[in-house]
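Both of the next two complexes hold subunit A, though its partner changes from subunit B to subunit C.
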Partner chain A sequence: MVNATLAPEATERAARDRSAAGVRGRARHRRRQAVVAYLFLAPTLLFYAVFLLLPLGFALLLSMSRWAGFDLGDIEPVGLDNFAGLFADGSTFLAPILTNTLLFALGTVVLALAGSVLVATCIDKLRFQGLWRTLYFLPIVTTVVAVGNVWKYMYEPGGLVNGVLNTLGLGSVAFLQDPDTALPAVVVVQAWASVGSAILVLTAGLKSIPESYYEAAALDGAGAVTVFWRITLPLLRPSLLFVCITQFLTGLQSFALIIVMTRGGPGDATNVAALEMYRQAFSYGDWGAASAAAFVLFTVVLAVTLVQLWLFRRKGEDA
Partner chain B sequence: MIRRRFPWLSYLLVVTGAVLTVVPFLDMVMTSFKGPDEAGTLPYRFLPKAFDLSNYRAAIQQLDLPVLFRNSVVATALITGSVLLTSSLAGYALAKLRFPGRDFVFRLVLSTMMFPPFLFFIPHFLILVHWPLAGGNDLLGRGGAGLTVSIVALAMPFLVSSFGIFLTRQFMISIPDEVLEAARIDGAGEFAVWWRIVVPQTRPVLVTLGLLTFVDAWNEYIWALLISTANPEVMTLPVGIQFLQDYVDPTRTLPIVMAGLVLSILPVLVLFLLLQKHYIRGVMLSGLK
Partner chain C sequence: MKPALSRRHFALALPSALLVSGCAAPHRGTGRPRDPIVLTLLSHYASGELKTALQGPVDEWNALHDRVKVQTKAVEFTDLLTTFMVRQAAGQGADILHPYCLWNGQLVQAGVLRPAPPEHAEEIRRGYGTAAVGSATVDGNVYGYPTEMQTYALYYNKRLLREAGVDRPPRTWRELEDAAYRTARRDGYGNALVQGFGLSTFDDSTTVGQTLALLNAAGGRFVSADGRRTAIDSPAGRAVFDLERRLVAKGASDPGVNVYNAFASGQVAMVISAGWWTANLKALMGKGYRDVGVAPVPLPEAGGRRATLSTGFMLGVNTASECPREAWEFLRWLNTEKVRGATRMSALQVSVGSLTGRADDMRTLLGAGGDPNLHPFLDALAYAVPEPNVPGAQQAKSLLRKNIEALWTGQQSVDEALRTTRRQVDQEVSLSW
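And now, the complex of A and B:
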């Protein structure tokens, strides 16, 4: 078989100019490689068509339509009415929902950053680093249903947190039932769950600071606090910035923890934009308002993403 | 490293933090052993009166745990398998094959990562419900429940990972072209080159990607909740446990819910402890989780 197919090719090649045949062979090889490449990419491109482009178009269409949700033929275009409805007087979308979203994201960033900076700078000098890292990582691999339910129970009058407060002689707090404490209480849990990965990034950042800087500072007689403010913190800035922005982006989008813990309550005290989108769609069947809310939140997320890209590109040019 | 004058301060901070991280897990385990009148009552007690396994037995029965477990395993296996396969295929094409449109496809892969997941819950759900010729639907996607009748629905939106493609591509670029060229001269087709040379060479990155995908898929909640609401038969572990917590008397079932949670996080926990290095490297590569 091989000989049979090779033989005519060999004689053909011998008969023609060698370089011309080489070019032709390469062209055929290249064409075959293109076919193979698109075969390898086919599942991915098909997926993008059905689960990326189609849904994006559909969501955009829905955000500008009114639809009861059954027959696709009943989709009724209403222009920008859904968006106008979100920002109309008396709408809860701007306040408290969108403000809650920003507070939730900001609060998580501040708490997680403070915690991870403290732990990461200390952990660097200790033994058993692997053990500490494992422990701090546990929440990251745990399902949100477990995290949410355990903390919900811990916040209850008969739960651990109030148990500690009572032991200290303080009164119980109805953390998740009081509109004033519900959002901070959920923020604490989200921060608790994300400290581990922030520690990881910051630890890597710390390791990249040259040892000689610290030695020079020690020779100059700088104290621990001075070293931290003058050397560690400035040189850690890229890692800090990265943690801030990615954590902020995650915070803007997260709502699984809130569904498990409070479902947005009491009232709208812990309701965030992504949860509002979810409820409008799957609880009230208002697909138009839900899709409009999704695109408003997407605009915010996109803006933050672009700021991130711009910041890191600028940093890249400086370096 | 610089010598600290007060290393005990560092220890104090790190240990306190670690305790704060672990205590909720311990509280979960302790509560899973408590009797029906022991949890959520005043005054709070950390330790249960006795360590008996009745809540675990109750969880397995009341939750129909074997079915939930099977659904979670099937969905997770479908997602992980598909992500590994499609990522290494597409990653290889983008890293090592030359074809018109390569830069465009690569830029497409990168740009898809700009779209946050919440944007897709609604359209994905509607697309699956109106999937033509499935679950009693006609050609125009009307009349039935569409693909939501199938367990595949749990996995569909997660079958391809742009991050996975990006990761494998970056890794495969460093494979020397001469190795691949030698195999081609020996008569290996592109598929054989991919399977015999590229896949074995990229095993570390595939382990990392597989582990990240596995953990995410196992813990996935919102999408599984949507699909399970449409079709309770494909309910996964997180959804089933939350269901029990929401619709049965919360104070009496709390210890059973905690027992179910302990059982549901065990597989991921064991896997994480065994393959920690791979997982942590994955989190580093993906930036932040």
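And now, the complex of A and C:
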């Protein structure tokens, strides 16, 4: 009753005060929530900063410096000299190293993609699918060193591959010693080793295609090839995009298999950017050149990924 | 009353304390006079008989000395340089380092190795052969006590040579080629059954090592005396590249084969390699080892002056060591004090089938008996040329290897290989200086 007798201004002021207090309370609550949220995020952000931003910044600094890797006080700024050195006349970075890197990645993607589409489609029509998927996945859980060494022995003169060729009446091929066959020989192994993960993704993609499309195609009398080209492949495109991008990125950065099988040789026939970076930094103590090469490779990886995304998006697919 | 250390302060202090304790230097004693000192020694003697062989004298030192103790740390050889880098950058460098001498220029330039004090330098110059001292010297300064020394010589399979009608190991390149062509055999598909002369891309020592041994035998050098440019583009270098190219082209060599396995299996008649291999061959071949002979690296012409390649390791003291005087004292004890006529290091190396650059020790330890195949390596200590150890030597070696492989596989002609090696190595070595 008392309140009802108060002047309207006082009532409004009281309402405003209450409203302002409410706003302040909500703001304080939101701030507190934000603080709590950041506290929960802090470990992740700290991890991100320590293991990504800090090394990235350090690598950027090194790419414009000269440093032998021993004493942090000896970092000497050199501007863009390291980048200029990579593309200078007579440098092997652009050709054959970067060219080999792209050929290695491209060859791996093409072979692994073709192989995995074929195998995944076959597996989709077989019994005991889990068993087949497991068998094809085995190379993924085998160490690169073991895979590389086994294939190295198979490729050797007198090895299994040459034994088969000899049985067919053909002469032996020095797969890893001939500069013309060394890179393709390693690409085959990398594709073989990575086909398992691609099969897993593509099998999942095949399972997600509604059966009704195939039933409709059967009613229309479409053959197996038409069904594959007109139904399976277009609807598999999101999975193909994922496999394509991840395999390409892996291929561009990979060097473990090469170091086991050929160590980049003969000559520079199988040398790739990641291997060269490793050598520049850890063997030659030229961390500046290694970091500059890393940034060039990063740019190439980014450009290739963007082009792939653009190409697939033109076809109406998202990654 | 507020507590002395609030919860917030404690939360900040705990990770900081953990971080600081984690990053702190390892325990090396208090540094106060007469307080105990622990010296760390980082080497690649990480496993097997090498680890045991080094631990023996270290344990002996620790038993004899109360104040200064030595603690060994070891990594695989492939990780050794990287470990030096990472530990040094983190302020955790070992007091005593055991680098491959090829890296000495790189380590000196980076300020990792401390020059030997004058009295130690003098002792090293006096006690070791020229090649050993050269390996441990950079720009005129001695940086450590040479330890394991490897010289290169020609291994040959007596049975294969005998079956091919060759009654003694080759002494000249003409004899070498002749024996290689006579012993080489292939099947109908082109697979090598026996390589006459084992050129192999297996690793640096098989590719670069044997090429440099032949180059030195021909009177050539890989880099100039001042270490600032390559010297392989010379008549001697051309002769070596020509010889190797001919051996591959005429089918006497098959660079793709792992020569270490193939020689032990009797599939290689001759190969140039280092002395350490004798111990491995004995273990691998068993009774078959009696067919193995070792001779000096053949010369281009009879009657020429002998030369071959030597490679090695040394023990040096880190510039970051807080107790350099004690570290050098330990090294002197290990490398120069004689027990039963030889130094502890020489006894250690001979026990694992290796040599040191102390010819007197080697003669005492090997004596008149022992494996006669080790004697050519021992003799070679007197005339071997040390592997270049200038700044950038590791990269120069890798570049040489790439060009040798390109030559063997026909990617480059002899002229191109020599020219490219000169251009690439000159560029890198000049950058390193």
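One rule holds in what follows: the second predicted complex is superposed on the first by the 253 of 319 C-alpha atoms of A that agree within 3 Å, B and C clash if a C-alpha of one lies under 4 Å from a C-alpha of the other, contacts with A are read in each partner's own complex, and residues count from 1 in each chain.
Just so we're on the same page, a residue touches a chain if its C-beta (ideal position, glycine included) is under 8 Å from a C-beta of that chain, and two chains touch if they have at least 3 such contacts.
Source: prediction; values computed, not measured.
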When subunit B and subunit C are modelled together on subunit A, clash or fit: clash
First, second, both or neither for A:123, with subunit B first and subunit C second: first
Which of subunit B and subunit C A:166 touches, first, second, both or neither: both
Which superposed partner A:90 touches (first subunit B, second subunit C, both, neither): second
Touched subunit A residues, subunit B compared with subunit C: B
Which superposed partner A:156 touches (first subunit B, second subunit C, both, neither): both
First, second, both or neither for A:266, with subunit B first and subunit C second: second
First (subunit B), second (subunit C), both or neither touched by A:283: second
Touching partner for A:71 - first (subunit B), second (subunit C), both, neither: both
Touching partner for A:40 - first (subunit B), second (subunit C), both, neither: first
First, second, both or neither for A:297, with subunit B first and subunit C second: first
Clash with subunit C, by subunit B stretch, listed 130-138, 166-174 or 202-210: 130-138
Residues of subunit A contacting subunit B in one complex and subunit C in the other: 71-72, 156-158, 162, 166, 282
Residues of subunit C defined as touching subunit A within the complex: 81-82, 84-85, 88-89, 106-107, 109-112, 189-192, 201, 254-257, 392, 394-395, 398, 401-403, 405-406, 408-409, 411-412, 423-424, 427-428
In the complex with subunit A, residue positions of subunit B that touch it: 1-7, 9-11, 13-14, 17-18, 20-25, 27-28, 31, 39-46, 85-86, 89-90, 92-94, 97-100, 102, 105, 108-109, 112, 114-127, 130, 140-142, 156-157, 159-160, 165, 190-191, 194, 215, 218-219, 221-222, 225-226, 229, 237-239, 241-242, 245, 254, 257-258, 261, 264-265, 268-269, 272-273, 276, 279-280, 283-284, 287-289
Subunit B-facing residues of subunit A, complex: 30, 33-34, 36-38, 40-41, 43-45, 47-48, 50-52, 54-56, 58-59, 62, 71-72, 115, 118-119, 122-126, 132-147, 149-151, 153-154, 156-160, 162-163, 166, 192, 194-198, 200-201, 204, 211, 214-215, 217-218, 224, 227, 242-243, 246-247, 249-250, 253, 255-256, 259-260, 274, 277-278, 281-282, 287, 290-291, 294-295, 297-298, 301-302, 305
Interfacial residue positions of subunit A with respect to subunit C in the complex: 68-72, 74, 90, 156-158, 162, 165-166, 170-172, 174, 176-179, 264-269, 279, 282-286
